[in-house]
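Chain nomenclature is as follows: A, B, C and D, assigned in order of appearance, with residue numbering initiated at 1 for each chain independently.
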Amino acid sequence: MNEIDYLYKSKLNEECGVFGVVNVSNASEVMYYGLHALQHRGQESAGIISTDHKQFYTVKGTGLVNEVFSETNLQTLNGNTAIGHVRYSTQGGSSIDNVQPFLFRHYTGDFGLCHNGNLVNSGELKRQLEISGSIFKSTSDTEIFAHLIKKDTQTNRLEALKQALNKIEGSFAFLALSKRKLYIMRDKNSLRPLSIATLNGGYVISSETCAFESVGATFLRDIKPGEILIIDEAGNQQSDFYAKKTYNNMCAMEYIYFSRPDSDIEGMNVHASRKEAGRILAKEFPVKGDMVLFVPDSSTSAALGYAEQANIPIEMGLIKNKYVGRTFIKPSQELREKGVKMKLSAVPSLVKAKDIILIDDSIVRGTTSKKIIEMLRHAGAKKIHMRIAAPPITHPCFYGVDTSTYDELISGTHTVEEVRQAINADTLKFLSTEGILKATRRDKLCLSCFTGNYPTYTYQDITKANTDDKF
Amino acid sequence: MNEIDYLYKSKLNEECGVFGVVNVSNASEVMYYGLHALQHRGQESAGIISTDHKQFYTVKGTGLVNEVFSETNLQTLNGNTAIGHVRYSTQGGSSIDNVQPFLFRHYTGDFGLCHNGNLVNSGELKRQLEISGSIFKSTSDTEIFAHLIKKDTQTNRLEALKQALNKIEGSFAFLALSKRKLYIMRDKNSLRPLSIATLNGGYVISSETCAFESVGATFLRDIKPGEILIIDEAGNQQSDFYAKKTYNNMCAMEYIYFSRPDSDIEGMNVHASRKEAGRILAKEFPVKGDMVLFVPDSSTSAALGYAEQANIPIEMGLIKNKYVGRTFIKPSQELREKGVKMKLSAVPSLVKAKDIILIDDSIVRGTTSKKIIEMLRHAGAKKIHMRIAAPPITHPCFYGVDTSTYDELISGTHTVEEVRQAINADTLKFLSTEGILKATRRDKLCLSCFTGNYPTYTYQDITKANTDDKF
Amino acid sequence: MNEIDYLYKSKLNEECGVFGVVNVSNASEVMYYGLHALQHRGQESAGIISTDHKQFYTVKGTGLVNEVFSETNLQTLNGNTAIGHVRYSTQGGSSIDNVQPFLFRHYTGDFGLCHNGNLVNSGELKRQLEISGSIFKSTSDTEIFAHLIKKDTQTNRLEALKQALNKIEGSFAFLALSKRKLYIMRDKNSLRPLSIATLNGGYVISSETCAFESVGATFLRDIKPGEILIIDEAGNQQSDFYAKKTYNNMCAMEYIYFSRPDSDIEGMNVHASRKEAGRILAKEFPVKGDMVLFVPDSSTSAALGYAEQANIPIEMGLIKNKYVGRTFIKPSQELREKGVKMKLSAVPSLVKAKDIILIDDSIVRGTTSKKIIEMLRHAGAKKIHMRIAAPPITHPCFYGVDTSTYDELISGTHTVEEVRQAINADTLKFLSTEGILKATRRDKLCLSCFTGNYPTYTYQDITKANTDDKF
Amino acid sequence: MNEIDYLYKSKLNEECGVFGVVNVSNASEVMYYGLHALQHRGQESAGIISTDHKQFYTVKGTGLVNEVFSETNLQTLNGNTAIGHVRYSTQGGSSIDNVQPFLFRHYTGDFGLCHNGNLVNSGELKRQLEISGSIFKSTSDTEIFAHLIKKDTQTNRLEALKQALNKIEGSFAFLALSKRKLYIMRDKNSLRPLSIATLNGGYVISSETCAFESVGATFLRDIKPGEILIIDEAGNQQSDFYAKKTYNNMCAMEYIYFSRPDSDIEGMNVHASRKEAGRILAKEFPVKGDMVLFVPDSSTSAALGYAEQANIPIEMGLIKNKYVGRTFIKPSQELREKGVKMKLSAVPSLVKAKDIILIDDSIVRGTTSKKIIEMLRHAGAKKIHMRIAAPPITHPCFYGVDTSTYDELISGTHTVEEVRQAINADTLKFLSTEGILKATRRDKLCLSCFTGNYPTYTYQDITKANTDDKF
């Protein structure tokens, strides 16, 4: 997002993207373009660990891929195998201790590790590990998994991995890098996407398939639910599973919001699913209007589908200024009241005296929708019919999406009619959950943020010891 | 564009945007958002000169508006009146001597000056001025106009201005700032847009109306061809004309390519004109296809018009990575051959085995179109029918667009059929010049880059004196 | 040193400085000036952890104190208690995982930790910890100590600390920060300096006393060998010792090279000890000469002492360019051969045809001395008598000084006469070890780099497990 | 100085340094090291114009030499001939229009120009030029000289130059660069230093000789008062004079304060002159004391001379923190009152209960001296005898030193006894003007800031036209 996005700060945030390269010359350069294609999944920090099978090389830092890596430091990343990570920003303070991939050091073999997802039992696990002597340097779930792996140094490596994976619960796509092998692991619920492609005799692994096109790789397959795929320095593969029962619970929001439109998730193109959601939305909730508007860039596909189905022209009545960067100066209160806009503006000559069908992909807090509708009304729009190409988000996510609490989710505590009033739309309709399944052509998805039916158990509070007079 | 845009470097470049503020408190802050809204017209440098009617204050620098200005330096720009400028990058060497606005110092009164456009008789004028003792510190036409103004210090200021304006030929929108007044001047051919709006009892002036919406101002009118509009520190206006005969020769490329879609140029919305061009293109050159594709972001509007008219679905088969920034590392030759993409990629799951109608806004050198078509074919597209929502560019521009030479314009030296072969499209069609006039609902436009009929005379070569043993 | 110091890269490097603040308002601002005064002890990275007794706040980063901290991020460091660290650069790769202080998380209480010094038994300890389940994220000894502390969570905190301290061997000044208390620990050999001062009812702790003057604090006392001093949030002190036998083995190089001249180490001013060393050197090795020269800035004090004792004028025949910064461009080989200098230059009008007594503080590899003498000869010096205000460095240091190996120490493998020939001096003399003791007015110092008599046992090689097919 | 120097902001500021290279391969690289050696003469901006005898190449920018130039941009500066400039910071606003060298464009031949010094009749000249049609883009005197040169394009170039030089009054060292020749011009009063050296068959020209040592060049001679030296692309020299009567009025402050100690000015080494001034000061104003202190780095040489003459030990009782950089955070008022120091600190263990002889090179406003004495007293000094190695500065400078007004010069409006009280010294003495002449071994110097006897006439106020309703 690379933007101090005051309009959109109420939106959802994905927490990471991972990319791996095995047995490909110029691995670090390929990695750079791979991470760059995954930049939308995390803008706070980026990192790469590579290996030439003799030692590890690391470059990590806060900022965009463009900012963290330079031609000079990429050249220090020797070897034909590497793992990389982009990370979403968390609140508060310095976070350089959380920049992934981590390099863990242990006499039985150092290893790199990075993670997309979220564990729901990290609290209990951390407590158990601490009691048996572990201490932690980051606030990341990833470090917990690393400790679990090394707890058992006696048994066979693959067995130790399986045991560790069976202890963790939640969503994950892990890439672990030893000096000789890349280990690829996906949770048994398959909540987060992870795919593999071939490139020049080697392999690349990515959170999203869009990165394959960027590096010129050819899509091979998705990593399976519960799979452990191990590829060695020569490109030999070994596949195994840590769980017998596995599930197809792909996160619906990956289709709706997070993934890039050019990615295919488990065989379905993201743009196509969004456009289809727009078509279904038009069928479920038709309305008369002079034009369909989209909110750039997130709801373009859905709006195209709605407009085609409804046979109503689609217009660019809302425009985004693409130069809103990180150092952008926010308008003073005085200027904001005068109507200064930074990122999004409405086009009076298009919307004046018109009945608008406004398509968006989701409503989280409602503040963005309220602002956009206000902007359109100020520009002269007559009626505003809001149509959301997803169901109301009523429950928090425990699998890596930053929805935090019920209180922040306007649909968690308000009816659709109350939300309509709050955002000041003339009408407001949400796509049904059946609509989402149909649009993605799937039997199953994780729809827990719409339904509250979580595929795993959820957080349990660990009472924190009174630590005031100790350390 | 804020991008090392290797795919698009063959595209046309506008040279500037100007913005003025008169009699508005927080003038420099308003200016910041105004220039930010004009950022697409120039990304090399930016500058502001303000006045509190006692002295001038200047902040200028190379880089984007975001980079040149900070909260700290904006606060040094005192006063309620200011002029500002964004400038397009020129080739080679350091250019800090060319960053506008310029502050000229003269005992009869210092003044600030900035300019959007290009003079065709700058060569002769510069020679004459030098012979009578002037020397120049920049390579800019703007400095020539400043010398012309100060040549005659005897007559009344307005008369001196008129005489100077009558000496220059070409396209221009000038903003000049004395300690007490803002002078707004537009060429008699009205080649470049310039409009005025009201804001809190004062005025803002802008190259494009999109900036009015950004700062919360209300559009008042366009500056007229040949008009000199003077507004003093109290907001009093005085309008005059430097030429008796004036013309409506608005640059067609402002509609087709340069201006932001949310701007209205002389009453016509830019997006609407582009969409209409797409509709007319569909009527002029219908073709069967499975989907319409646009090249993000420039041809979205035209593609929407084409798709609606043709009743063919529009898809996102080409995706732009929005994180391609200034420091982006270009792929090595080896990786480029492997197929690494940086900015644009095609989506195989959408385009595979499909007949594509590909809409773009223009073809300059043809290299971009060639690359895009190659990308689509590699992703599996069956047929590619290219449709351009403008006529072939056959002649260079002398009015501020960086088309340089005939040789670089593929349509200047090749027939449509030859171009089609060069870019490897199955069919290729261009909108007619009548189509452009109809789409913009105008009788007249400057269509010289399509027709060679220039509204003014053009450059005359000035033989450079042999200066080798002198200075 | 803030310099790409090609002349001096053969010099010794200290590894860290620590600073603590307890019960002082504006703790983070005081910390900033404290760390700034210790900047000469480490320029690679800097960090602060503060606490308001409810939670911890961290700012860390690579670069100078000036670069890591800003007014904005200092304001996020709440509380009246804090620990801070400056760190010397290590070779190779990214090092953000090594930036101190570290924040360790454990259910029995999180804590911050930073360290100046080096442990000699880190290899064994790390292996033992790993076998019992620990994994490590940095290459730092500090992390080992943190694990040792948390190994025993049953016994009383102070007892646990004592046990941990008794397990480690080497040099250290540790600052540990719990939410309520600051723990200050110094090794039983007192190899590294650490002192405490009062400030506005609270306390500040520093590796060097120079920082007390910078923050306006009043020196109280040195932390004693083997002492554990605990100060709580209200400023109450508790002192204890982890070892019964303690020693006064202050590192001689702290006086000779590392510490700032305005610091007092265990009661003796550093400049005064250096000047006295110069005086004793003049008595031990008198020589006729026209002038005494010093190498800026390191040997100024010693040269003043020599010159006063010998009654020979001291001149600025060697000049340092103080603008040699981090981004300085190194001269090409061609220019270097032409004689381009960056940092140091000799002054021909002063040294021409003169007999020079050149004073320096140490010779490590000999390359710097060789260059300086070459420079002086090229500027016309007749004779060059080199006098070193310390004994020959013949043995590597295991206590935090980056002398690495015997091979790099020219005096480790060459006689004084061989060194003289290598650096091309006319005569060369080193101060005696008695001279150093006399100059510092001490009975004992750690002189191990001159004598090979180490106050502790030294490194033992831990055979690294074959980790190639594991991780 | 590269420092937000709150202690020293009352000090004098030199305004520039110039460097030229003719007929030397790698001219831009040599230039880089030359300008770097002159960095102390100007830290606000730096620039280079080079020529390959076909065209000019320019790199200019604000910041230090290290910051403005990179390996990449130096490589764009083709050719074996170049001029360069470092400039001191002026107050207020953006100054990129003032960054030198300037490139002036004129049909009779473009040329580069840079300048060290200040013209006293710039006001009259500018008015005359403006009346005859010139306008100005910078506030620099340099632009005036450029206009004067081009006023007469008929006569022979050398004659035109002589005429222009005869019109200007003041101090100057000019370097002008045509495509084929370098023109070196020094004012007839020889107020600013300028010297030439040989390097690999070509020449380098520098404001100070210290830069010759840095680039490995061999000093040839000083440029003579009133001399015009022209060197062409092949290295051929032609010397002429623009004035028949010339004078040796070298600025005394070049010896006392501005120049680097390793420079020789007209045959006399700067350090040697300062040390001699210290010796004479000790003879003129002997006093009993326990130690001599110097203020780093400016009065080291003078203090060495005083100490040797008086046979009193010299100590480092004042220490400068060399890491005070541009982004240094100034202490809050609260912390300043608590005694936080940034740049300079006194050493209690050295100065406590001691009688101090404090040597400095000058007193401008007196605020620095007051602060230093306060610091020493706070550190326990008993008596403080201040000795200044220059006469009291009683008159402003018109030749390029930023002393501004009488009001700011404490000695301009106060007796020595009043100054002593103001700075709270026990005694205060200044070197005599005879002492300065003796120390520099010269018959004549420009001593106008001490005596008010200016070698030229001084500024005349030009009544500014009422320009309020004009521009």
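Couple of notes before you dig in:
Just so we're on the same page, a contact is a pair of C-beta atoms (placed from the backbone, for glycine too) under 8 Å apart; a residue touches a chain by one contact, two chains touch by 3 or more.
These figures come from a predicted structure and were not determined experimentally.
Common partners of chain A and chain B, by the touch rule above, are absent. Set against the Cα centre of chain A, the chain with the most distant centre is D.
Mean C-alpha positions place chain B and chain C at a centre distance of 58 Å. Look at where the CA atoms of chain A average out and do the same for chain C: the two points lie 45 Å apart. Remark: chain C and chain D have CA centroids separated by 37 Å (rounded to whole angstrom). Those residues of chain B in touch with two or more other chains do not exist in this structure. In summary, the structure contains touching chain pairs A-B, A-C, B-D, C-D.
Those residues of chain A that touch chain B in the complex are listed here as 2, 26, 29-30, 32-33, 36-37, 39-40, 64-67, 69-71, 74, 199-200, 210, 213-216, 219, 260-262, 264, 269, 271-272, 275, 297, 300-301, 304, 308, 313-316, 319, 321-329, 331-332, 334-335, 338-342, 345-350, 379. Remark: chain A residues 53, 57-61, 73, 76, 92-94, 96-97, 99, 102-111, 126-127, 130-139, 143, 146-147, 150-151, 153, 157, 176-181, 183, 462, 464-465, 467-471 touch chain C in the complex.
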